[in-house]
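Here is the structure we will look at, set down as structure tokens.
Order of writing sets the labels: A, B, C, D and E. Residues in every chain begin at 1.
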Amino acid sequence: MLLGIETLLLILVLILAVVSLWIRDLMSSVVVFGAYSFLMCLIWTGMGAVDVAFTEAAVGAGVSTVFFVAVLFNTTRRIQFNPLDLSAKIFSAILCIGTGYLLMLGLSDLPSWGDPQALVNTNVSKYYIESAYKQTKVPNLVTAVLADYRAFDTMFETCVVFIAVLGIFMLLKKDGREPLKETSAKANDNLIIRVASRFMVPFIQLFGLYVVAHGHYSPGGGFQGGVILGASLILVAMAFNIEFVKQLLSIKRMLLLAVIGVIIFAGWGLVPVFLGQSFLDYSAWAALLPGTGEIMARSHSMLAVEIGVAITVMCGMYGIYMSLVSDGRFDKGL
Amino acid sequence: MILKFNYVIMIILMMLGLWAMIAKKNIIKKLIGMAIFQTGIILFYISMGAKSGSNIPILDYYDRYKPIDAAQYANPLTQILMLTAIVVGVATLGLGLTLARKIYDDYKTFNEDEILQEIKNEHD
Amino acid sequence: MSMINQLPFYVVGIPLFTALIIGVLAIVQPKLVRLTGLVGIISGAYASLTLFLTVQQSGTKYYTFGNWPAPYGIEYSVDTLNALMILLIYAVSLLAYVYSLRSVIIEIPSNKHGYYYTLYFLLITGLIGITITGDAFNLYVLYEICALSSYALLASGGKRATLATFYYLLIGTVGACFYLIGVAYLFIKTGTLNMGQLFEHIPSIYFTSSILVAFIFINVGLFIKMALFPLHGWLPNVYTKAPISTTCLLAPLGTKLSIYILIRFYFHVFGPEYVFQVLNIQPFMVWLATLAIIVGSVYAIFHTNYRSTIAFIIVAEIGYIIGGLWIGHPDSIAASIYHILADSLMTLSLFMIAGTVLFYLKSEKTSAFALTFRQLRITSISLVVVFASIVGIPPTSGFFSKMYLIKGAFAMGHYQFIVALLFSSLASLFIFFRLFEAYFYSKPPEPAPSIIKEDRLFTLPMIGVSTGIILLGVTFNYWFSVISRIIPVGLR
Amino acid sequence: MAINVLAVILFAIISQTIHHPTVQLILNILIMASLGLGLFFFFATSVGVLRFPDFFTRLHAAGKGDTLSTILILLACSLFSLKSAKTLDQTTILAAIKILLIINFIFIGSPTATHALIEAGYNSEIDPWENNATRN
Amino acid sequence: MTNFTTILLTICIPIIGAFMIYLFGKKPNQREAASFATAFVLFGCVLKLFNPGKINGQTLQLIELFPGVSISFFYDHLSVVFAFVASSLWIVTTLYSIGYMRGTNERNQTRFYMCFALALSATMGVAFSANLLTLYIFYELLSISTYALVGHQQNADAQFGARKYLIYLFGGSIGLALPAMIIIYQITGTLDFNYSGIVPAYFNPTMLLALLLMFLYGFGKAGLMPFHAWLPGAMVAPTPVSSLLHAVAVVKVGVFSIIRVLTGIYGVDLMQSLKFNGVVCGIAAFTVITASLIALYQDNLKRLLAFSTIGQLAYIIMGVGLASSLGVTGGILHIVMHAFGKITLFFCAGAIYVTTKKKYISEMDGIGKQMPITLSAFFIGALSVTGLPPTGGFISKWMMLQGAMDANLTIIMIVYLVSSLLNACYFFPIIYKAFFKDPATESHGIKEAPLNCLIPPMITAACSILLFFNYRIFTTIIHGVTGGL
């Protein structure tokens, strides 16, 4: 594990992080930050965390860079050079070194990197690995634990996305009084990009649906699929102007879908409560779904729950992009 | 100590993020620092769950029914926690950017010192 | 499975589903939003009451999600402390909600009310989730839900609120991430996230350095969120600039719940032996609390703007609770838990007064209070009651918690804490009489100001809170007996 | 589109005759060749990006070089996954074809992206490099 | 009606009275009548409690606030004496304040009478409270209600006086008395008064001494020297306030609480064994001497009377501090005697102010000729306060002297004699100037004070003489307390 590719990547990641903070121009530091996230995905794939790498690539690297660019597009790119006031920098440096030292202090008795007998890998997660398939018939253990054993966490995760999109929409929504000032770039109606994106978008969305549907068998699931679907909408918004996209999915409908996604997830968990079982206990669905045993009911309800997540995340990413890029007026975009 | 190399990197990343959040004057740089800080923590959790020489935690077709040896597969629990952490990170980033955007609308700058200056002369 | 043991879920589920329904209604049928909110919060309050009573009778209740056994699924464990806190949250949010029905119309543009209330109820869900959850990571997720929804709610307060919320966002994320690092250190050494199991695993690894680091980081993370003295920078300018309807909900609960989590970690995760015997930082912590009280009170005196004075009074009150907790004497611990209840009601009432004064008299300088005493009848009564409680005049609850704090502090010999307590009571007395003198000794303005008829939706919650403060005080004995059952045997 | 059909037919043939030693040999040569070429083109691109004087020429190198080398390396991966599959059934072929889909996606996406970059550069009036200007 | 209902009535009547005064706010006559009626009913209740035989010291527990401490009242000798003094003088003061208020037509008089009634109810509460907590609660309520009275004029110096009043009293009570009380509760587990004292003797003496000092200075109303400045400052209040409250109710509450602490919490024998009574007498002696010296060269009449009150209060504390049975009885008796004497002096000062608007003694020469009755009442009051034979003051001082002799603290005896001499020194020049000097400016045309500013001083002067002859009614009750020593 040590001399493998991870060590090299870790050093590279460190360099990228430092560079991204030091670059003067904001846009390029965001691009370097995007590269930093992509390298992070590679490290995590190296360590066997495929689902996390997928999410980081889609959500962490892809979408957040787009958000950064959306904000920077209408504001400044340059940093005003400020006199280097040493006192604040030194004070914070000491503070961080102190906390760093404290963390190092705790290192001495942590298990070394990647040994399977460490307590963290033998206590609870051993049970998951051994019995997840038997109890839920879902080969992808990550999705099994994500959507069933700790479904409550995931439900709140979807709420987090919903809160983000609602909060951003509420904060930025202007009543349209003062129009967005003329940005330098002309609305690009570049034919080639439009044709290429019109060709690619259906495939992207198909792939997104595939990822959502195949969350059980291959890496992926609600979040990653939702982000891909959201990304396809963002691609259309970038290629064409915002008016065009709003016909596809208007802002009101987007918010409504975001709520419905969460309601699907929470509702699916609520039904067992009405049937007398505890919240999010999918085995209660066996009674409702025709011809499925307790275990199969779990795996089907996981799919349903993933769909709910996908809807919310799709509308979430799309909504955040639309608000950020048009500063709440939803009239002109990137 | 050599075997604990990844924790050292994780600590350096976190402290870098923390330092940027506090010392950097530009608001966007602060947000990048915050994102780096969060990815540092995610790295810590994932490297906890990594098992050397282990497979990804997806049982392929053949050995679903064979007795499963836990050491073969990476730890799924830490990965789930980190899925949530990434999504939370993006949500916070989104909100941070919105606030940065509104600050820019009001004060026309991302530089912290200029904003505080403007508040001071607004105040008196 | 009968209806009763679904209660832990109902207490969290009801606000969650109210939020979702309001989310839908906000777009489809905006007029129904306020009604659903009311229905949701009242049924939630009823559920929390029954939960509190059942826990009183039949001890701790456990609720597993997706009926997976404890360490594998997420599990809620509700004991008296939890139920008490949830009852407090519902009481405060019910009153704050009724208050916000009118203040949101004044503060927030009308097309955003639906969204505002969705986030409002998600914030309440997060707050309740925090108190009830038995899983360390689930607590982090709920923490983020509260944080995110509070960022959005706070920032909708206008120009200066955005910057203050931005700093709050940064500091809040640092706090949450410190907590996460702490949980990571615990998780790596014990392998489980369930608090009950952590409690069993930790004693075996008391003297390792990683447990110490975990303890420090969880503490620092929570200190940031509860605005204890050195890390309180964000609280004053957030609470002075944010909209009143948000601060009415967030100020009383936000900081107090971080303290509750601290108590839960001390008693049910690290165990009192570890906290009070193994680590000998007790004198340091009591001195920190004393500093918090003194600095809070001094700053409160030097600010004339009413809301910043209250913000610093909150910082001082946090010092009370932390000091009481760290003194370690059963009386002072019970007093600090009781003070959480008392202080939330006090903070709520303080911010409601700030709201009415701001809405009717459009200013929050001390001179505005000269008119308050003349024109706003009920606001001045509740002002007198709340300041009596802060100073510690007998019938109100502030007196009783202060009394037991001093009693515990004396028993353990922390005299500087007693001095700080008395200093802060005198400081708040000075603040109150500065407001009162502005009224009593100023010439009444020429056209005798007519009595403003305060809106019923303002006065109802205000009267509710004031009676709550006095009722809480008078029934001290009942609460004291309930709370002293919470303190684990080690400390009793 | 035609190439895809051809590639799928090729894969079908390979999958039937996988165990025949000569096919194994050809596959090995093919994989090594495409990997080598891919790496070479990557090297060429990065040199190009560093050495070329101005915005447009650098993008010219980056755009073309990237697409080609990625396609070659991905081709090598798909063949390798076919060759080294333990048991030959539809999942391994599906994996190979998925990689083919990725190749298609890059084939369309990457040039468009480069085009967009250059067009944006052109719109914001970056002046192209003339021969006489000294290298900055 | 059992004793307890009467006790509760004594506390509630003034509150009901205050409410009735509020109802009649607009109509002055009904308002005064209501105030009068409440005073009479209150006095009736106290009289009903006032027969020595039936005092049995049972306690009535109302609400259990803490484990071991509750709001409770008890039927005790000391409380009956004090209640009698306060309620009887309330009637006289109401009569007087009607005249005074009409005379100087003060603004918002309804609020004045309401606060007066509330102050009285708080005084009754202090009198009958059975434990330190209830006493503390009513002590605080008294401070709040009297704050509004002190700042009645609502002008700049009223604000300054009220602020000083506030700082000293609330500062003292919250800063010192409250922690001391809580520490006692921590040590002993209960706060109920009982005459053998509840503080365990084995507790380290320095802590007990510190607590004692905290109580002495915590109950700032008693005006011991370093914490006395609020009393002269409070003279800015209208005279009825300073007469009833600063001569009788407020200051006596301070002394009363200290007596309760000394006798009820510490217990007399503990005081003797730990030599604390030396400390208490020392502080009191210091206060007596310095107060009397300062009073010597005071020009403003009311400030002079304020300093003399501080001196007299210290007398009472010194008496109780002697911890000998005669001393304690003398001290408690002096509460009664001083109350009647001092209130007469304040009434006369008020009457002089109402008629001649004169505040300073230098302007008052030859006033005796114009206002003979007021000044003669002033003379009798002065006699009682200095403790000369025809008035009651003499008896209580005599008893205190004997007590000092029993406790063979000769220094205290000397202090008594010297201070009585000083009292005489600052009272008699006023009387001499008033009667034997001819007025500096011909301020003829000044006739006597209005009738109802005149009768109250005469009544109280007569009472203090009457008390000289039948002080036994009080001593028999007081022996109930001191009998146990």
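The rule is short, and it goes like this: contacts are C-beta pairs under 8 Å (C-beta built on N, C-alpha and C of every residue); 3 or more make two chains touch, one makes a residue touch a chain.
Computed from a prediction, not measured in an experiment: that's the story for all the values here.
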Touching both chain B and chain E we find C
Chain closest to the middle [Cα centroid of all protein chains]: C
In terms of CA centroids, furthest away from chain A sits chain E
Which chain pair shows the largest tally of C-beta contacts? A-B
Rounded Å distance between chain A and chain E, as computed from the means of their C-alpha atoms: 76
Calculate how many whole Å lie between the centre of chain C and the centre of chain E, each centre taken as the average of the chain's C-alpha atoms. 45
Using mean CA coordinates as chain centres, what's the gap between chain B and chain D in Å? 32
Distance between the centres, which are taken as Cα means, of chain B and chain A, whole angstrom: 12
If a residue has to touch 2 or more other chains to count, which residues of chain C qualify? 137, 141, 144, 148, 151-152, 155, 162, 181, 187-188
Note: in the complex, chain C contacts chain B through residues 137, 141, 144, 147-148, 151-152, 155, 159-160, 162-163, 165-166, 169-170, 173-174, 177, 180-181, 184, 187-188
Which bits of chain B are touching chain A when the two form their complex? 2-9, 11-20, 22-26, 28-29, 31-33, 35-36, 39, 42-43, 46-61, 64, 68, 70-71, 73-84, 86-95, 97-102, 104-105, 109-111, 113-114
Residues of chain A that touch chain D when the two form their complex: 184-186, 188, 190, 192-193, 196-197, 199-200, 203
Give the list of chain B residues in touch with chain C in this complex. 14, 18, 21, 27, 30, 34, 37-38, 41, 44-45, 48, 81, 84-85, 88, 91-92, 95-96, 98-100, 102-103, 106-107, 115, 119
If we count contacts the way the header does, which residues on chain E are in touch with chain C in the complex? 63-67, 133, 136-137, 140, 144, 148, 151, 154-156, 158-159, 163, 166, 170-171, 174-175, 178-179, 182-183, 185-186
